[in-house]
Amino acid sequence: MKKDSLKVAVIGGGSSYTPELIEGFIQRYPALPVRDLYLVDIEAGREKLEIVGALAKRMVEKAGVPIRVHLTLDRREAIRGADFVTTQIRVGLLAARARDERIPLRYGCIGQETTGAGGFAKALRTIPVILDICRDMEELAPDAFLLNFTNPAGLVTEAVIKHANIRSIGLCNLPIGTRMQVAQMAGVHPSDVEMEWVGLNHLNWVTQLRVQGEDALDVILDKAAGTGALGVKNVPDFGLDHDFLRTLGALPCSYLRYYYMPDQMLNEAQEAAQTKGTRAEVVQALERELFALYKDPNLAVKPPQLAERGGAYYSLAAVHLMDSIYNNRKDIQTVNVRNGGVLSFLPDDVSIEVNCVIDAQGAHPVHVETPIPPQLRGLIQVVKAYEELTVEAAVKGDVGAAVQALTIHPLVTSAQAARSLVADIIAENRAYLPQFA
Amino acid sequence: MKKDSLKVAVIGGGSSYTPELIEGFIQRYPALPVRDLYLVDIEAGREKLEIVGALAKRMVEKAGVPIRVHLTLDRREAIRGADFVTTQIRVGLLAARARDERIPLRYGCIGQETTGAGGFAKALRTIPVILDICRDMEELAPDAFLLNFTNPAGLVTEAVIKHANIRSIGLCNLPIGTRMQVAQMAGVHPSDVEMEWVGLNHLNWVTQLRVQGEDALDVILDKAAGTGALGVKNVPDFGLDHDFLRTLGALPCSYLRYYYMPDQMLNEAQEAAQTKGTRAEVVQALERELFALYKDPNLAVKPPQLAERGGAYYSLAAVHLMDSIYNNRKDIQTVNVRNGGVLSFLPDDVSIEVNCVIDAQGAHPVHVETPIPPQLRGLIQVVKAYEELTVEAAVKGDVGAAVQALTIHPLVTSAQAARSLVADIIAENRAYLPQFA
Amino acid sequence: MKKDSLKVAVIGGGSSYTPELIEGFIQRYPALPVRDLYLVDIEAGREKLEIVGALAKRMVEKAGVPIRVHLTLDRREAIRGADFVTTQIRVGLLAARARDERIPLRYGCIGQETTGAGGFAKALRTIPVILDICRDMEELAPDAFLLNFTNPAGLVTEAVIKHANIRSIGLCNLPIGTRMQVAQMAGVHPSDVEMEWVGLNHLNWVTQLRVQGEDALDVILDKAAGTGALGVKNVPDFGLDHDFLRTLGALPCSYLRYYYMPDQMLNEAQEAAQTKGTRAEVVQALERELFALYKDPNLAVKPPQLAERGGAYYSLAAVHLMDSIYNNRKDIQTVNVRNGGVLSFLPDDVSIEVNCVIDAQGAHPVHVETPIPPQLRGLIQVVKAYEELTVEAAVKGDVGAAVQALTIHPLVTSAQAARSLVADIIAENRAYLPQFA
Amino acid sequence: MKKDSLKVAVIGGGSSYTPELIEGFIQRYPALPVRDLYLVDIEAGREKLEIVGALAKRMVEKAGVPIRVHLTLDRREAIRGADFVTTQIRVGLLAARARDERIPLRYGCIGQETTGAGGFAKALRTIPVILDICRDMEELAPDAFLLNFTNPAGLVTEAVIKHANIRSIGLCNLPIGTRMQVAQMAGVHPSDVEMEWVGLNHLNWVTQLRVQGEDALDVILDKAAGTGALGVKNVPDFGLDHDFLRTLGALPCSYLRYYYMPDQMLNEAQEAAQTKGTRAEVVQALERELFALYKDPNLAVKPPQLAERGGAYYSLAAVHLMDSIYNNRKDIQTVNVRNGGVLSFLPDDVSIEVNCVIDAQGAHPVHVETPIPPQLRGLIQVVKAYEELTVEAAVKGDVGAAVQALTIHPLVTSAQAARSLVADIIAENRAYLPQFA
């Protein structure tokens, strides 16, 4: 890209995360000259957009960078001629997420924003909206990059790969977060940590790990055993034991606790649902507090309370990715892309999350060299099959595909549970699932 | 094969199934001239061998065929120069099977002879013995075929593929049984039924089904819905519903009920364990009755009570396979063989169960043409990964591989359960698991 | 198929080969009840159609079978409701073939009916006509099988696989001819010969060979060394030496002489072109004689002189294939089909020639077990790449693809020669290459 | 690598190229602290080693860098504890190369140092010596990198991949040379050129080409048409035409002229052989002049005449690669590595030449995204099959594999020529081919 000023459209600009992103654009301005920043939201999000948009403007002004912040409900205006389109939407808002978390509990299954039946419900709601955005991009900004931060990011990326004709990359903050945590465990700077990252979004492992050039996988596995070491805000922290990690031979991401210790995770979820509320319900309170803070006309920086919200390093990851594309940096980042033979045991046209060289053309996977052992491969394959069926169900409104998807998901307990889950999810999300009408 | 008389060694010849096999050899004698039939067993099985061996001799004599039945505890004598070696062994006898069925229930997991943690325990005990038999064959009968009927047949076949240098085929009675049942449902002769069979042993589906040349898959799926239609003695009969089967798009084998309705299967198993006993315990009583019958010096045919034992058509399948090899028939049978690219989504050197052309060189898979949908593929892949790890654990005595194997098995509830299962299985099978010493 | 009377359309029915086919239908009538046999030709072939059609009627009448022979120039009438459509067409007649043989000689390249630049030219003329026939079948006989005997059979089959939506099989008489010759060399009945056949049409090898069940590859390779043993009418007989065949490790088909000894073949072709004429020119004379014979109203059997024409066993192969489809025989025949992973080193949607199980649904490849050594694989791959480009050129009329196709063909000497060949072929076949207009 | 001083062993240190390399080490010293540089040669090269070694010492001294230059005939001493081992050997010296160039001409085939029968002969001589070096490294420097610059680099790299257990990378100066030439054609700095590079050593294409971020493939193809634009010293400059390059769709390397215009290349070679001598013979004179220059005790820099020798940028490529490994730079360079699925149409364990990320662990291929069209793929596949057979022949001394290798090589005219070539090559290189004794 040779432009010296950029247009960026942030779909879901009214999100509480937006100050993160604004901070990122401000800090990176010398390298990434964002001139026009469009924060887009829908009518239902108008109030939040106005609050967060006003904060964004104050932040920019205080920082003294020439970014023009535009607030709009007109998505097409925002996308027209954009260089980057990012999405951070939540179809149905946190109320829908709370349902995603509670419906599975009825059938003894885990409900989670991105994993299992909860992530499945979110995918059904989200994929059609993202594909609508792609339609706009195909028409109004055919050369732009779609950088998708909307969960479930792997499923959304796969839908775009299969059903749109634009350049896109799916991004998650887990890779950068893991780097930070490993660096802390090893007592080194994050740039001293190198990781081979393999799998799907929220179902991945670090299969090679070097600290200051030395193989440190076993050392970090030992440190990661038990609780407290590696984790994200969204996932309860039950530790895996040392022996298990050593024979696993790879560092699992936090979300793998749902697969490795579903009993404990389910118990915790059921207890939380009856006491403090599900994660969505906790976050709803948090969000109310955040927006109260954001309204303060004297606030012109990202408030520290945002860190409680989760999504740490999200802004760093997003702005880093745009910078590398804009500046053709050819550095290595971990993102969601089309497989295309990189993991030879998966179909070609699915999304995977691996290390990629990022340049002006996008993300180019680096060949995965460590042989993937069966204990990783089998899980990746069955969850990917679930994802393929989920994308098909979401795009076609196919109830049969939806039931088959959940039936093979490791966190759904039976075909009968799958059928009940699909029925409840469709019934209780009717406004957001026109494809199943 | 141009020999006009054959030597067959039946390892585990003292099995209650043996009269089935003898009946098969008698009926097929004109096409398959078995001259020397060695029934081999171990010291612990001497009494059963003598009882069933005497019956076998009476059966042969009554039938007037020139088969010489030899009873021996010397496996090497039996194998030396054999044309076919068949195995129908049960390491640890039914008492071990009963443990396989009960240990998993402690952790809320299904215990079954071939599936899940029960089949896993059986594999750990059985694979080393089978590989010992292969060592004997490599030395004493390098051109013989090993026809393996010992469960878990898929895991055993894979161990032989990876760790022995002999010709082998794994056989199961499900394919022929399914053909019989479909024929009955359709009101036609079994030879009027054609099936494309895809998957692993005890984890397979009929993906194309024609009756008298016409596509009949949907018709049979509709008939197979609910209970009573398709089933085997070993697997409780809970039906799958019509919609599920239609969107599944393939006829699942009986053992898939463990995957599709684990709750009901587990409840049934737990209740049975507390009342009538597990399947092994029921079978133990049955076996006692059978051997009482077998002792009757006036009995010279297979008694009808054997049908209660399960394993229907086992003899038919076994003798049919030998016949096609001996006579280079080039007909199509469904057996367990090396994958070698037939299912491109699995590694090359694993076992699969598919239609094969059977000739004098062995079993040659017919190309699978129906694209395998994700709802089948994902399950096949994750169970195959479990199988690869199980074979590795069984051969190397690797506890870590064992824990990882069970952790990813869809019927094991957590990594913690996997660890406990492995610990209990090793502790309670110590006599049969020298590799873990 | 349950019909008790069949309709067969023979496109190119005026061919001198037709009496072969008629003889086949007569002999096989009890198993294959062809009731209506349509011989179709174009206006330019009307006279030949009438001559050969009259002979066909006399043959049927003399044999006393109830086959109705219909002669027509209306292809759609012949195809409507047909069970089998066979093609044995020659677009541009023998005059075009003679040009195909002579043009390459100008540039020091081999000109041959099916191989190299000659086969390439024939493909450009033939593929559009075959695809027109497919269009008619899609509309008028969607369940019929297209059995293609038209050369270059591999290229034509691939065009149908990629660009039509009908069931088709490509057939060649080399496999059956090779079986006959090997049987003769071994002094056994053809049914005693078993061959694993691998490659592309006219570029294939026997990689396993058993005679009466015993491995006989080396014995037959030794017998095949030198001249006189294996050959077809169309290909000059220069022998390969014993050492070469042994290290090749497979029995090459006759057409491979063009690849293994292009110098001698080219010399022979150039000399023939200057003396007795090319093969097409020789055949033209032969055909005139044959049609003179066919006109004889007293002739009511296939005249022995037809054997000189080449195409031995063509009728046997064709009728055998129809028989196995009609009767769902599930026997093994060697035909041209979609690859679909059978040869894993080629793309999925190309044609290959391998052993297949033939049943009522068509041809199903048997898994190829012998690892294909590099000396076979490399040649198969480069010629297949040529074929893919040729099909693309033929379908799209793409001169660039045509030049690239010939450039990589092992029998074309340079990119410059490729360019000249394409220019001359298009210029001298203008009437038959509307796609390049 | 955290060492602050490095040991480098240069096998074939007496080469006339060595001053290139010395210059590179001197210039890069701040980033790449080579402390001990061992120039190793064999007894036959002692004099050259002493001459070039003395020059190297003068160069280092004049530059004032603390590199210690060691001259030795003891290879094991040089390898012991080395960080990098580079090879630039010529088994049989230029006299053998001259034979490689002349023998093929007898049979109307191209003789060239790396391509066709000439490169084949060189591979037979070189591979055993390289594998001996690997044996030393496995024992004496198991963590060192072998950076192989010895031709034929692709074949040598493949032999090391298949038959040694060390870390290695094969390097060629074509990628950097092409970058330089494209930059010149585009009027930009070399760092403004980005290329996707696909294929094998000396059989490769640029399939994507961007100049200053813009797609420039077609522009450069047009400029590359005809003569004079792209070329290397070793390859006569006959141009390819514009239309051909456009439909080829990729920029071919200079060596592809042997495949695309073998007639002209052969004529040129035959004429040169009768007049000025083959390339080796020209180079022999050049080398004599160079060594005369090198002897001058006043010379302490690389003399400009070395540029005539060929191998431009060789030093730049070599030192750049070591620098990126030593400093874990993660930049992208084009080198020869194990395929491992990167080019899915080739076996896994062969060498390919593609863009790689270079870090402290070695070279990691970047996923190739452009679909490789058949006109590239077919040629790559057939030449790779030749290479596989050649490596096998070189390692095992297998005459049959050697004949089969040359038979399928596109630049060998027949199986008979292949046989004669193998016979002559073995006979005339007897001293260097103990494996064929």
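The chains carry the letters A, B, C and D, assigned in the order they are written, with residues numbered from 1 in each.
In this section, contacts are C-beta pairs under 8 Å (C-beta built on N, C-alpha and C of every residue); 3 or more make two chains touch, one makes a residue touch a chain.
All values derive from a computational prediction rather than experimental measurement.
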Reaching chain C from chain A through chains that touch each other, fewest steps: 2
Distance-maximising chain from chain C - centres being C-alpha averages: A
Distance between the centres, which are taken as Cα means, of chain D and chain A, whole angstrom: 45
Centre-to-centre distance between chain D and chain B (centres being mean Cα positions), rounded to whole Å: 56
Residue ranges of chain A in contact with chain B within the complex: 240-241, 243-244, 246-248, 260-264, 345, 373-375, 377-379, 381-386, 388-389, 399-401, 403-405, 407-408, 410, 413-417, 419
Partner chain B, residues of chain C touching it in the complex: 1-2, 194, 210, 212-213, 328, 330-332, 340-342, 344, 357, 359-361, 364-367, 369
